[in-house]
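Across the two complexes that follow, subunit A remains constant while its partner is subunit B and subsequently subunit C.
After this line comes the complex of A and B, so read on.
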């Protein structure tokens, strides 16, 4: 039997003074990270820094003041994806004159390494002491750098990485918010196991072929970053596959289902990150006394991480990306961020704040550079007619 | 390496489909980890015998049919395509078990009446001879080998890959009823099937292996 659905918001709006006080550490941290210790003298750089700083801190202020997480996180997350794609592509065109990657570039180790490649490089590296990726070990966009960032973010956020760090996730998050209601509603539960199968499959195939199978064949995001120059039938087939996956999993299905289908039903890194959720201190819990089984959280979860069993258990699945969408949607405030090992009290907003500081800072740091770069290029485009 | 990976990708499926039929006996009979390990080893040796006999059969086909063909890829390629399509179908859509353990119950009962202590070995042998798509793909791969040793080694590597998943059995019967692992194993097998489908198409078109 369903319980009363009256909104019993436990977390009220904070006072302006208290909110400003709580936002102060984030203001200082973001200013330090964005300016990197020196205020730029060039006009457009200074403007970009100011806009980025104000944008970040306004969103954080609203998160703290209203108690809503995903509403404001999604704005920054989608912005990250857009500015990343814009900044990355424009850089490629400036340096290489094209998004296509030639064999010469790969031999010279000029392929940028992204976090999605991590699962398939670990096992061959452990067994053969070989990094099966044509990239640099150290430096900008390097293998070593990305590994360090990945370990750090995984320790801090677990699978929260997928909603607070991944510079691709915002694309499908954006597309999933276009329609007001989903057209495809019922997706079989068995497909939520597909990311684990993809992970197993690509790890095995990468070990067998000693090549980054996922990058070569499946990664949908090559469509909006860089891809191998089409010089053979094999590369043509690969291109058709990854472009189709991009259109299907990142554009069409998110629009139709209002879910992040690439993240929830395909991404092998997401599957690996689910394991890191087990060791991370932050989690999303469900207060069973407050829950009225309205199933709103199940309907809105972008990564299929809540089902009826979760409601009965009082905790979400390991695949939860801690985006906060279910928490925002719950009319009873029965879902809440929680720190493992502490008391289960859904009225405490302090757990959410404890999570928000590292999570937002990660998102702000990763977005900062790309956003400033995108603003500077846009100003150049408007004033000079070129972004170069 | 290729056979080992093929075995590894299908091991989870093998164990979740076939082992639960036998695990109650294996664990029920065993009085401790050591005894259970012996029973599991007997079961695995039965599987190995099954695999090696098919290795000999695959080599026989190579000697009798393949040697006389000008372009063996024209036979191996379509075989890869058919079996990989079966593997993809079996990975993503099939729900019924393909394991021969279920359909050989009568035979096993008769053998056990004559030789009661043979259950683990017989069970291993019949599960080893299950004509599931991964097994058929391994058979096709073994057919490509020119010597009997190469063919046997190929099946041995396939056996090793699938056997890794049997290691925890003596300890707890860990995978019994673990439905998620079965689904993941089947889907991974389906994805590996896509690789073989591509290999088959390339073989058929270009007459070369990637």
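After this line comes the complex of A and C, so read on.
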């Protein structure tokens, strides 16, 4: 980073009026997206809409007022993971009667498409004009719909997708916050190359076999969504592998290291998103003049995206998910969101707001539907004893 | 140049919120456009491939899909052909059908399916027909995949 100094003194509490004024666009946008143009008449739906709307806007208000990003993002991000799992599993049980996916469901294209499949589908789509996934091209949870979201969110946020959209990441984020201090502190830098190796491996294997290798063999999140019913030894082995990866990478290691180990050390989509970070306009920068080399940012970064070299360079690695944890943790306020191409000596709060609006909106939109659904089902469970 | 970069940076940053809104509000429209522009379909290894022949049996129909040997480049040595029988309500207890999967006017195999249990048996009449992969109970009937070789 060049000699310019950033005016980080701007992080102080805003006046209530100014905060409300800055929150007004988010209130309007979240209301529009959550209500989808009509206010529900059913009591429980109206209640779910009101609670979701207030919850989102309270968090955004606190983000804007306090200048803390990750502290409030993480609450919503973890909520997203919990309500997604609850809503998704209950829907599966209502529709299919179980979380297991039969071969017949696959033939009928009834497998919901998730963003983690995307890297495996690109080469086969280019060569054969087909998508190697047993889903639907159009409709709810479709391949086309998820591709559009992936393109849009990558354009807007780059790898910010991993901390502001991914409905799985919140699980690890939640587990990584259980202990006050990490038990495993030193993780070799070499491991951070593993996601790229996984990406390369699964892309090649999927292209050769014309089947989504990662989904079949490795995806840990099948444990909390859906899995192929065990009808053969091969499927049993696959099940043992993905459940073990879930326990290891999503529960145990995040607790012990206080990092998002699946995202930082394994996820192939994360590796692909690092490439989109290179072309995205938002980034996290480090003001070397303010940095006192306390290494707090290195210790708290959940995806191993800051090291001593980053501090020397003044910018974080391409694997940064823009969660804002390092920015919140820095005692010197030396880290800040930045818009590429713009000057490094103007007030960084403007850059942060420019990033926060699209990022928070993505998180609110993706959480909104699942959260309202989860609230309605919880009300049903309390009042009728069943969620179906 | 520096100023231009700065202006472009601000424009993109400002547009990001509109990209997000368009992504979610126009998701159906954009996904339709993406699908039609690229012309992609679900891989025949999952969907069974296009239906090339329909036989009407009165109360039910047989749908024969094209043989699937698709590889990334060229064709695989082993593939399958999928047969569907629908609707479920119109199916007899046992279906027995002679199939010519490659359209050469010669019967390639005889398939027998018990529509209560899903048990399928195959009598190959061509050296390219190997075995029954398995039968599938679908929402509206049954499907069977027969493994083939080139």
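Remarks
We adopt the following convention: the second predicted complex is superposed on the first by the 375 of 388 C-alpha atoms of A that agree within 3 Å, B and C clash if a C-alpha of one lies under 4 Å from a C-alpha of the other, contacts with A are read in each partner's own complex, and residues count from 1 in each chain.
Just so it is clear, a contact is a pair of C-beta atoms (placed from the backbone, for glycine too) under 8 Å apart; a residue touches a chain by one contact, two chains touch by 3 or more.
Predicted, not measured: the structure shown is a model, and the values here were computed from it.
Of the two partner chains placed around the shared chain by superposition, subunit B is the only one that A:198 touches, whereas subunit C remains out of contact.
When the two structures are aligned on the shared chain, A:190 is found in touch with subunit B, with no touch to subunit C. Using the contact criterion defined above for the overlaid structures, shared-chain residue A:282 touches subunit C, although it does not reach subunit B.
By the touch criterion defined above, A:207 lies against subunit B and subunit C together after alignment on the C-alpha atoms of chain A. Set against each other, subunit B and subunit C touch different numbers of residues in subunit A, with C touching more. When both complexes are overlaid on chain A, the residue A:235 reaches neither subunit B nor subunit C.
Using the contact criterion defined above for the overlaid structures, shared-chain residue A:292 touches neither subunit B nor subunit C, since it reaches no partner.
Across the two superposed structures, the residue set of subunit A contacted by subunit B and also by subunit C is 207-208.
Residues 190, 193-194, 196-198, 200-202, 204-205, 207-208, 234, 237 of subunit A are the ones touching subunit B in the complex. By the touch criterion given at the top, residues 2, 5-6, 8-10, 12-14, 16-17, 19-25, 27-28, 30-32, 34-35, 38-48, 70-73, 82, 134, 136-139, 143 of subunit C touch subunit A in their complex.
Residues 1-2, 5, 8-9, 12, 180, 183-188, 190-192, 195, 198, 202, 210 of subunit B touch subunit A in their complex. By the touch rule above, subunit A contacts subunit C in their complex via residues 29, 33, 102-104, 106-109, 123-125, 127-138, 142-145, 147-149, 151-153, 155-157, 207-208, 210-211, 281-282, 339-343, 351, 354-355, 357-358, 361-362, 365.
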